[in-house]
Amino acid sequence: METKEDYLPSLITNTPFEGRQLAITLARKSVGAIQPDAEIKKKLRPIYAEDPISLIASAQVIATEFQTIAAANNYWKK
Amino acid sequence: METKEDYLPSLITNTPFEGRQLAITLARKSVGAIQPDAEIKKKLRPIYAEDPISLIASAQVIATEFQTIAAANNYWKK
Amino acid sequence: METKEDYLPSLITNTPFEGRQLAITLARKSVGAIQPDAEIKKKLRPIYAEDPISLIASAQVIATEFQTIAAANNYWKK
Amino acid sequence: METKEDYLPSLITNTPFEGRQLAITLARKSVGAIQPDAEIKKKLRPIYAEDPISLIASAQVIATEFQTIAAANNYWKK
Amino acid sequence: METKEDYLPSLITNTPFEGRQLAITLARKSVGAIQPDAEIKKKLRPIYAEDPISLIASAQVIATEFQTIAAANNYWKK
Amino acid sequence: METKEDYLPSLITNTPFEGRQLAITLARKSVGAIQPDAEIKKKLRPIYAEDPISLIASAQVIATEFQTIAAANNYWKK
């Protein structure tokens, strides 16, 4: 009876670059889980997107999510 | 004689998405362990949910919890 | 001649939930190692327990300690 | 039909130093994913490049990205 | 011709508790590497020891160092 | 045609202590990659070296870099 969108059917991606895109998606979905209001998120976006600390902290989240995704994909080694 | 709710019977989930949900639960339970007062938590919620840095820092906690859950589930590889 | 309390006889716990409790203990003991004065800790507690950033940062410490504990317990897999 | 530049064809590099360069690239690309506007990024650069906290937080992102890259390369062991 | 004190002859400790003590030592030595002036460190100590964010951030460093030490000791499993 | 100094020929060090020194070097080189201006770095140094949060955040970077180096060296186990 789960009605939330399943944004993560799998951690497996075809390429490292797709893994990066997934990491960005996960970071965004986490923010959306805490602040689901689309209007508020829209209002906050220009604030954090022009604040260096917010940008760098976001990059930290992406780096952490990517660690998980990269390990799941065994670093896309052939 | 442990009377606290066991919110973590297992780290194993059926899907990656359920793993994300568990990661969010763990992050919330940690905050509740430090600040158990429901009234105060309710008061703080609109503050951090509209503060970019708080939102991004929360996403960082979720990413870290998810690392553990994903490893526990061997990344849900078949 | 170590006189400090050994608050960590083992990283092994019976359940994931006990692992969470241990993670919280470790986080608290670290703060106590830097600020051992009980009076000051008591004074600081209401401050950080009502500050969203402090709460989230504390949850980050717990998540990190739990990573170690979960790995030590091989994620409590049977 | 992906039109974004694939800045990460592989996590494998010839040397540890090249791995560091890749880690810096990944950190920068994450910031660019959240703030794609070249003008704004240019405006922010002198701000964070002279702010100690921003510099150290950026180094933290690089360290995290490098962890992933180093593991992918099995630490460049012969 | 290294004249600096070797504060880390080994990552191996007899017990998890000794591992915690080592983690605290490593965190302190890092601060000392960046700010070696004993007078300044003494001046800063009461400031960060009464600042919740500084205390929690210090606990985060200790948690991270402990991850490394615990892995090195294979989590002190018999 | 890489003209930048290769400050990381290898992650392998003889001892854990040398590993710590390398971790500090990596943290400093990351800051230098973002802010290469020697004059500005010199100007910032006394600021962050007397700011508790900056010092602790720097220690966090060192701890993270050391995790990678320690794993690369298999924790210097004989």
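Labels A, B, C, D, E and F are assigned to the chains in the order they are written; within every chain, residues are numbered from 1.
The definition used in the following text is that contacts are C-beta pairs under 8 Å (C-beta built on N, C-alpha and C of every residue); 3 or more make two chains touch, one makes a residue touch a chain.
Every value quoted in this text rests on a predicted model; they were computed, and no experiment measured them.
S.K.: Give a one-word verdict, same or different, on whether chain B and chain C use largely identical residue numbers at their interface, taking over half shared as same.
M.R.: Counting shared over all numbers used gives less than one half: different.
S.K.: Rotation angle for the CA superposition of chain A on chain F, to the nearest 5°?
M.R.: Result for this pair is 120 degrees.
S.K.: Suppose chain centres are the mean of their C-alpha atoms. Which chain sits farthest from chain C?
M.R.: D
S.K.: CA centre of chain E versus CA centre of chain F: separation in Å?
M.R.: Using C-alpha averages as centres, the distance is 16 Å.
S.K.: Taking the mean of the C-alpha atoms as each chain's centre, how many Å separate chain B from chain E?
M.R.: Chain B and chain E have C-alpha centres separated by 27 Å.
S.K.: Roughly how far is chain C from chain D, going centre to centre by Cα mean, in whole Å?
M.R.: 32
S.K.: Chain F: which residues touch two or more other chains?
M.R.: Residues 48, 53, 57-58, 60, 64, 67, 71 of chain F each touch two or more of the other chains.
S.K.: Which of line, ring, star, complete or other matches the graph of chains that touch?
M.R.: Contact map by chain: ring.
S.K.: Beginning the circuit at chain A and going via chain B, which chains come one after another?
M.R.: Listed round the ring from chain A, with chain B adjacent next, the chains are A, B, C, E, F, D.
S.K.: Where on chain B does chain C make contact in their complex?
M.R.: Within the complex, chain B touches chain C at residues 6-12, 26-27, 29-31, 33-35, 40, 44, 47-48, 51, 53-54, 57-58, 60-61, 64-65, 67-68, 71-72.
S.K.: For the complex, give me every residue of chain D touching chain F.
M.R.: Where chain D meets chain F, its residues are 15-17, 19-20, 24, 48-50, 52-53, 55-60, 62-64, 66-67, 70-71, 75-77.
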